[in-house]
Amino acid sequence: MGMEKVDKIINSDYELGFEVNIEEEKAPPGLSEDTIRFISAKKKEPQWMLDLRLKAYHAWLKMEEPRWAKVTYPPIDYQSISYWAAPKKALESLDEVDPEILRAYEKLGIPLEEQKALAGVAVDAVFDSVSVKTTFVEELNKLGIIFCSISEAIRDYPELIKKYMFSVVPMTDNFFAALNSAVFSDGTFVYIPKGVKCPMELSTYFRINAQNTGQFERTLIIADEGSYVSYNEGCSAPSRDENQLHAAVVELIAHKDAHINYSTIQNWYPGDAEGRGGIYNFVTKRGLCEGENSKITWTQVETGSVITWKYPSCILKGDNSVGEFYSVAITRLAQQADTGTKMIHIGKNTKSVIISKGISAQKGQNSYRGLVKMHESATGAKNYSECDSLLIGDRCGAHTFPYLESKCESAQIEHEATTSKISEEQLFYLRQRGIKEEDAVSMIVHGFCKDVLSKLPMEFAVEAKALLDLTLEGSVG
Amino acid sequence: MSTMMKIENLHAKIGDKQILKGIDLKMLKGKVHAIMGPNGAGKSTLSKAIVGHPDVEVTEGKIIYKGKDITNWEPEERALEGIFMAFQHPVEIPGVNNAYFLRTALNAKRKHLGLPPLNAAEFLRLLKEKIKELGMREEMIHRSLNEGFSGGEKKLNEILQMEILEPDFVILDEIDSGLDIDALKKVSEAINKMRTPDRTFMIITHYRKILDYIEPDFVHVLKNGKVLKTGGIEIVDALEKEGYKIFEEA
Amino acid sequence: MRVLDINLEEYGAKKALVQKLKSMGMPTPKTEHYRYFGIRPILDKEYIPYTPPIESIEEADHIEIVDGTVTKAPKSIFVEFLTNPKVDDSHYDQIYYINHLLVDKTIHFELEKDMELKIVQKFTKTGTFVPYRIKISVHPGINAKIEEEFIVYAEESLYFYGYDIDLAKDSILQLVQNRVTGLESFAQIASHSVRCNKNSEFRLFTFDFGVAKTLHNYHITLKENAATNASHVIFGKERAKLGNTFHIENRGKDSKTHQISRNILKDRARGIFDGLLIVKNPAKYSAIYQDSKTILLNDGAYMVSKPQMEIYTEYISEATHGSTTGQLDEEALFYLRQRGIAKEQAKEMLVLSFLDEIFEKLGEEKIKKEFIELYEERE
């Protein structure tokens, strides 16, 4: 990403808050069996997929919306949401992409044309709910890597889908996962074959655009034995007055000796100072370290959404497997985030690391909620967690809710947390050296987040840093 | 001889406590001014007032620097105009890389002077050169700002910043505290090298020792928030012998 | 009777309590502070209901409470029975309100001068449900120490009790709760409320040694410059479920909370530590500190540690917590054995060093000795 783009990101209140007019094909609001049949038919899905969706729908009907997170919001009327929207035409090449969409990407600073050239990044661009364009696929195909939309995968690789979908996040795992399982619109599918190291960062940019349309993405990544993949997910959404529901599901499976790196930058519309219009973000992300010596790393920078409910987790089943979670979450305005992770240790000598940095400003409420669980079988397992919070201003809140469970004598859990404000001393020291107050705050915040930002892939890190500055602008003082 | 800084009838308080009660002080271009005085005399408050520390509230009087009234300026504006303070206790800032911090500060200054910013490579060259001169360990520049530095390393790091930022008015706030004799020599040498006809130093100290290494042109004795006596190095000798009380009737 | 069958409509006279309970609902396995305790079977079980009678009090050098009835007390203590005691209106525990609902005569002790006091609680009823409450008022400027001791014979029984403690301005109370429970079928849920007024200090030491199922829920509130020091030791064996949960609210400026939790579990015992420290917005310049450590002596022993913080002001002097769970330090164990100390004894030394911080703070040898006896007791 060039400096120009960084500047562009910095110089605005919510630069990404624009709206694009595209003719949309939209399902009428409401959720019923008919809605699900409609979605499935639109996507020309096989009967077995429809059956699974219906099963999830019936389970969802019996479930209750969870209320244990430290977030408050008015009740969601699930019947007022439209569960399907798509650009009308199916598009084959870049030339066919609606110029409005291309302009939208340009405004976001990620023109598709340039992305091809961008450091070998392949992009599967999702606009609203249908994949518009997939690039680099051929090059990946040569290595046997499958990188396509989940709809295509359902048609083209039914065996893989049947085997792995719902295997990490069962369709009835929780209320929002069940909803997603019933109505998921599209998403990404990745399969890395045995021994293959994916040579480029795989990226998907999600955008929510259609008014009143929930975004129900579904992602499934499988890393077969000895393989490696790094996947980046970045988001932004136009500003709106109505709350938009987002309930995504991400499933990762790492086989023996495989390593999956999953990075997220989340910058959806955070709402106004009263929280009006922001995105509701209820996400289920879970990875299974199935095989020995496998590793899953979650890295996230969360700056957007008015409500965030998100716990990227690792089930450490294979012996010696490793789970990592690195997170920066910023809440300002009236944002509320309840985010963290779950590290479930089952295999021997499994290891997990949790580094969480929460920053609260204005009226933001930031909660870390994390579970570390050592099963009786997890002999020699180790966990280390560090959860730090930074408060900026006196109307915000920072909360830490760890759950540490152990049934195994030889397992070790170590958890540390601190909450502090930016110290006047630090601020003054930097200002005495001629650095503007705003820049000094930014410098201290970047220092605070450094351990996490350094885990992001290079390109992504630059973007995340710019986003951090943009987010903090006007939040201080 | 031209005046670098003129302090007129300065009254200031910290919290509810009136500490400076009418300081009048003139500091000249190219000279070294030592400020001495017993604990609680207002030495540190004076230096904080000069750099615009938020704890200090100026209730009366003025600070004129290079002919401009800077009494109400922001700290960074004063810094960019060339006022530098070497802190007694430099703060640690985790995660903020020493080199990165210093480049940001230098480029802020260069921007202020209408000069183009130095890129990372140019800056690193400059930094390494200075580090070598000071006899610092190179790995220190890649560590977090002041984090895990020993007392001596922290003081050297302050001097390093001074050399890079090339200020016009330097306050050394008890730079000698917590230094052993070798470190004190090293720091003093570095400071003496920085003495030029255009640069003014204000040395705050309790002890005579550092003044043997950095010879002051003027010595000012503070007590109870006022300047009790101004003179040359002979004052220090008198102080050594008799203590502060000898000036009380002056 | 079953606790779950309690019909709120029958308690019309206690309107405020009924309303509060209706808004909170009955505790369920999903209720945050009961999540790991297994509350359902206890509330679902059939017991003989029992209302502790008021009897004449025999003079003695300590207080004795038998199944909720005060039987002995020193002359220097003022004892009365309250029909409408002031109730904490922001307690997080439903059973706090249920307990108050079921109790018509709250025992009330007034501490009007500096003193050291011992309270012996005897639990003797079998298959019975016994609810009672104790209120303690510590007068301004008073410095008091209370040591509570348990003697348990009650099998298949459920006891609800709890302290409502009021610390007046400038007072100090040290409460040592020495809870040894040797019966697996004994169940107890105790819900305490402690109000610390300006400049007061509450020092709490609790020791849960045993095999029973007990959960103690503490709601502690701190006004300006008040301080609390809440330390606990859990040593659970066999199929014990021993837990302490806390909501400690720093409500006033310059208030301080210091909490140390040490837990040792063996066999299939379960330990629960759920400590939420809250700093409200007006409580500027407060300091909170929390440190939880656990040793599991074998696989299958189970510890749940939830050191939690909620902070609503940026002006905090300190806010840190740490938690570790693991086994005895193998290196240290080897070192001791290399010096000729038998393995079991070396283990005991390390376990004691693990508890040292708390024993040292308490400055009392007796409980330490008791712990050693219990620890050495092997089948």
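Brief remarks on what is shown
Here the chain labels run A, B and C in written order, and each chain numbers its own residues starting at 1.
By our rule, contacts are C-beta pairs under 8 Å (C-beta built on N, C-alpha and C of every residue); 3 or more make two chains touch, one makes a residue touch a chain.
Quick caveat, the model's predicted, so the values are computed rather than measured.
Relative to the centroid of every protein C-alpha atom shown, the closest chain centre, again from C-alpha atoms, is found for A.
Chain centre most remote from that of chain B: C (centre = mean of CA atoms).
Between the CA-based centres of chain A and chain C the separation comes to 42 Å, rounded to the whole angstrom. With centres defined as mean CA coordinates, chain B is found 49 Å away from chain A.
Averaged C-alpha coordinates put the centre of chain B at 56 Å from the centre of chain C.
Annotation for chain A: no residues touch 2 or more other chains. By the touch criterion given at the top, residues 30, 32, 36, 281, 294, 296-316, 319-327 of chain C touch chain A in their complex. Within the complex formed with chain A, the chain B residues making contact are 51, 53-54, 74-76, 79-80, 84-85, 87, 90-91, 93-96, 101, 104-105, 108-109, 112, 144-145, 161, 165. Residues 68, 374, 376, 379, 389, 391-421 of chain A are the ones that touch chain C when the two sit in their complex.
Partner chain B is touched in their complex by these residues of chain A: 423-426, 428-437, 439, 443-444, 446-451.
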